[in-house]
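Structures follow.
Two complexes are shown next, each including chain A; its partner changes from chain B in the first to chain C in the second.
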Partner chain A sequence: MPGIDYFYPEFEVVRRDERCIRCRVCERQCANEVHRYDAERDMLISDEAKCVNCQRCVSLCPTRALKIVRSDCRLRENANWDGDTIREVYKQAASGGVLLSSMGNPKPLPVYWDKLLINASQVTNPSIDPLREPMETKVFLGKKPDRMTRDAEGRLKTDLTPQLELSMPVMFSAMSYGSISYNAHASLARAATEMGVCYNTGEGGLHEDFYRYGPHTIVQVASGRFGVHEDYLEAGAAIEIKMGQGAKPGIGGHLPGAKVGPDVSRTRMIPEGSDAISPAPHHDIYSIEDLRQLVWSLKEATGHRKPVIVKVAAVHNIAAIASGIARSGADIIAIDGFRGGTGAAPTRIRDHVGIPIELALSSVDQRLRDEGIRNNVSLVVGGSIRSSADVVKAVALGADACYIATAAVLALGCHLCRTCQSGKCNWGIATQRPDLTKRLNPEIGSQRLVNLLTAWKREIMELMGGMGINSIEALRGNRLMLRGVGLNETELRILGISHAGE
Partner chain B sequence: MKRVYVNEEWCLGCHLCEYNCAFANSGESDMVKALKGKPIRPRIRVEGDDRITYAVSCRHCLDPLCIRSCISGAIHREDGVVCIDREKCVGCLTCVLVCPYGAVQPGPDGAAMKCELCLHNAAGEPACAAGCPNRAIVYEEREEGQA
Partner chain C sequence: MKTIDAAGMDFTALNELLRATEGDAEIIGCLGQRFIGAGMGKRKLAIHGIPGNALGAYLNGAEIKVFGNAQDAVGDTMNAGTILVHGSIGDTAGYAMRGGKIYVRGSAGYRAGIHMKEYKEHIPVIIIGGRAGSFLGEYQAGGVIIVLGMHTDGKPIVSNFPCTGMHGGKLFLRSRCETVAFPRQVTARPAAAEDLGEIEGYLAEYCAAFDLDKSAILDSPFTVVTPDSANPYRQMYVAN
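Let's look at the complex of A and B:
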């Protein structure tokens, strides 16, 4: 729309010219075309209006001549109308469109992980040194028997329903091939295999090159049913039915046709260049009974050899929803909190729909225990697990394992610029442009993911050792190991923990 | 013997190798001081077009044409590394002509210069490989004769 441009650029590109050697790496590496070399003046100039602050140029500048700072040109903000809110009004007045964003909810809503503190042993019960004593972080996800049973000869019966074995209680959550690049998927698949955990295909199908990582792959069946066929279901270690996503509960997905190139098209089983639209609901699921049918169809299709996960977004009645899922035949429930990431979501939904994962997890765990069906399912939680401390707190609140995705893409180089929807990811993650995807060498990417998980595993062992616990199983649902700070009575009741000092 | 190899699949054409090379061979300890406002003389060059790029430097051939053609005996091998004794070089530049990779260049003082794997400068090991952001350039041992 013609008229006045209401926007002063959000960032400024600061170039210390006394350090700039005109190597032009910034110019070559910026897909947003911020930097440009002016031969006449022999200098680099920048158009900061195009800058998304992904810091690719900052990271590659060999003389550290560059930095990106937030512009201090401020709108006339006040406590009610902050700059972002005003800018969003301007944006919509100019475009008439729904606002789009990526990655997780950035609003200053409470992060309960940061208000939970972990216990440690002193004097009476000894702490354990994980460097000297064995420490078990392995978990099995799936339905557990309620009691031990023996056969006629008195031998223990060990025929369990299918279980997903993980060397530590962390998995990479669903990110589809399409939303992220081939090389990002390759990095996740290799790292999951090396670490003995799982990654998740998301709903984009499984690229033919990655079938060999099948034993460490969770294959997803979502509302669009993209790329779902018999071999796909057979390839995975578990099958996940995606009912909802924390970043955008209640709505579907939309991969623009521009990202559906030959490979994505083949993998998703849709025509090249066509938009891949995932409906908001599964059109065959309108009740727990319908869900049960899909769970059992998938189990029948795979000979009851694979656990089935049902993934839902954390919403208001999550405890009742989880109770229904636990009775549907699902082996694992995955709950995604409102801070979970995404490649693209309507801003209002990302920022205003859903509830914190900490509260969802504790209420679900408690409800399933109260109903005596906690052993029917394992609980996996995601939606902003940022560190090993978050993992330990989640396990203590009742989770069997955690899903991480934002942390994983950060390890791959993501700088949370939150413009995945543009398809111009300078780090080669959320893009399908060949010149950009090649920037992520899976040899480096997978090593960085392995390093991250290795570090977290060590930290989990340290924290467990401090509590005098030598097995992650003994930490699960052990809420006595947690105390809250700065929480009110209701929050403490839902979390099922005491206040610090109590 | 460890050599510099290039995986063109991962080369981004960022040209950082050229600047790291020029810096490593500059004798300076500060990159800005070494390179700012000067034409650089890297011993590795990024070649290619807008579809594919790759860096080219001395292959340290098993039977190097440059050594065979050197009229002054300046080019020689040190543990497999093809080096130039710049005191002996008379600047005839026959080596520049015969190198099939275009990996030898005339230096600023007239003597020829080429990649010596950073073994004689402060970097200690190839700066192009160490500074490559995508591991497109690697310094590693492969079976003799393999590219």
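Let's look at the complex of A and C:
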């Protein structure tokens, strides 16, 4: 039945011909093949249907002749059946397939960070000028002792369980080699090392070239156990067990065989062209006791020298789940909120499963305090942390540190077109195509990440100074520093904060 | 060779002692201590008694012999080496192993060889002398799993749902498998001489280890199971 599946393209390419110099940069830069030079007419023409609005052509057009706009040719307005929803029905009616999307949940669901406001000192308890006074942003992640103990001579016993030392409470969260490019990993590894923080391998193994960044690397162990072996475990500063991911709680991962080229194959240690399937659960983990077994097996395999992180998605009973994890022997719990990004996830899961990280964090921190086990573990939160203000708010709600990934790939040039699953990332990040990956220069990429974290660190110090706090440790769980705006009583109760004006 | 009496010893103490010991070692009086040999490189280890869960997890070249049964998660994510068990083993043996061998004289529990994979010269092998529980070779992505069904206590050679999600490797069952229900995405057929030729070397090793007669084992029909595709989920998605 012709025409049913036809949609007027979502975006229009507006080309001002009087500015176009026929340099054909747009044509060469677009992996989606939107632009084409017509020699007969000596002009560039566009196939808008292929455009994903990644802005690559717009950014590189030397004469600013191009812009991409959202098409105004739409279906009749309908607040219930919006255009995307109808389009999704057509796609599924045509294909019978599960809808697959990328990056974080784009739906207009509440962003609680934007409804939290930070305190500042006035008159009493004066604020501190971070340009003059020392400010401590360093954090140590891991189990903290309940009390100080001394030996027979009265000397303090300092044999702590392993800790992850970070110069500031921000790390780059897990993105596997395979989902992102070699140069993206190189940028993250170098920046983490320069900034004294950590990046995370994701579940795709650790490329042989990056073992030298091991002291600033978190190596991940997921249900597929790709690339996991003794040297890999020993290489990292910490080991993360991935139980879940905020963008796709309750389901596994699936790197299509098409993306498993020679290098990805070598790093994941699977044959080229074979699908890399991470089953939804770890099939040996059905209880906290089973999780404990995996945590301890990793500790035994690495001589108890590495902290073990257990990463879970923020879901309804997260406080009880975290309580279990805190008793499993894990040193750090990482919680990933429902706005977290992904290289590919079923649309329905990404947009409808999980809960906001702000509520998950505050309920977990409170639960662990109530049970007297908060010091058993450190808490790391992500999904999504967008700015230094989000970091400060997260720390005040009880986080020891934050994970960032979307912000990091934005720093590397991502324009959030949300089509990572296509493997045709024009910015060279979410792709394995050599002609595209070379567009991301790891020298520049790592410098941009360093810039981002440096700026955030300064802002964190400014915000802390304003509150009269000179150590990030003194901000952690300090909810008196937060007030809510436009939140109902239940939301305020879960967040453990007062309303602004109270 | 150093002998360690593990009687009454906590697993952390035992494993610490083992890590501190150089060269080959023997454990006597083993009773449920977990994680023995985790990540162990090229060494020989003999265990008398019953090691606990996750024996030889992330094993990296060691040769472990168990004179008794072993429990769950034997050879979890094993990379290289050999684990010989003279008794039976529990669930999830060889989870995601990518190299090395697990040879079991007796039977295996649920999910043996789950998500086993292979990579170039690393081809992991599991041989089970008796029978296997449900979900044998689930998500198998590579390697070779062989179940011999020599002592099955009258039960089928494998319980329910073998090979679910299989997308690589080969699985051999020493049976005609007339009553075994395989999923749609795999092909199960009688093993031909060349199929058996592929595993003859492994069987020779196995028989030598447990003092068995290889020709008697081979003188019986085998079924071989292979996946139809290395990309079983390719058709399921539509870009949104």
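Here, the second predicted complex is superposed on the first by the 497 of 502 C-alpha atoms of A that agree within 3 Å, B and C clash if a C-alpha of one lies under 4 Å from a C-alpha of the other, contacts with A are read in each partner's own complex, and residues count from 1 in each chain.
Please note the rule applied: a contact is a pair of C-beta atoms (placed from the backbone, for glycine too) under 8 Å apart; a residue touches a chain by one contact, two chains touch by 3 or more.
Source: prediction; values computed, not measured.
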Query: Does the chain A-based superposition show chain B and chain C clashing or fitting?
result: fit
Query: Using C-alpha centres in the superposed arrangement, which angle lies between chain B and chain C as seen from chain A, in steps of 10 degrees?
result: 110
- prompt: Just chain B (first), just chain C (second), both, or neither: which does A:R28 touch?
  reply: first
Message: Quick check on the superposed pair: does A:P271 touch chain B, chain C, both, or neither? Answer first, second, both or neither.
response: second
- request: Identify the partner contact of A:R493: answer first if only chain B is touched, second if only chain C is, both if each is, neither if none is.
  value: neither
Query: Where does A:K157 make contact in the superposed view: on chain B (first), on chain C (second), on both, or on neither?
result: neither
- request: Determine, under the contact definition given at the top, whether A:K107 touches first (chain B), second (chain C), both, or neither.
  value: neither
Task: Check whether A:H352 is in contact with chain B, with chain C, with both or with neither, and answer first, second, both or neither.
output: neither
- prompt: Counting only touches as set out at the top, which of chain B and chain C does A:E18 meet: first, second, both, neither?
  reply: first
- prompt: Counting residues of chain A in contact, which comes out ahead: chain B or chain C?
  reply: C
Message: With both complexes overlaid on chain A, does A:R212 touch chain B (first), chain C (second), both or neither?
response: neither
- prompt: Can you give the closest approach of chain B to chain C, taken over C-alpha atoms and in whole Å, for the superposition?
  reply: 28
Query: Which of the residues in chain B end up touching chain A in this complex?
result: 9-10, 12-16, 18-20, 23, 31-32, 35-36, 131, 133-136
Task: Would you tell me which residues of chain A are touching chain C in their complex?
output: 88, 91-92, 94-95, 97-101, 221, 223-225, 228-231, 233, 254, 256-257, 265, 269-271, 273-275, 277, 279, 283-284, 293, 296-297, 300-303, 346-347, 419, 421-422
Message: Under the definition above, what is the set of chain A residues touching chain B in their complex?
response: 18-25, 28-29, 59-60, 62-63, 438-439, 441, 443-444
Message: Which stretch or stretches of chain C touch chain A in the complex?
response: 11-12, 15, 19, 34-35, 38-39, 41, 53-54, 57-58, 60, 72-73, 76-77, 79, 91-92, 95-96, 98, 111, 114-115, 117-119, 122, 135, 138-139, 141-142, 165, 167-168, 230-240
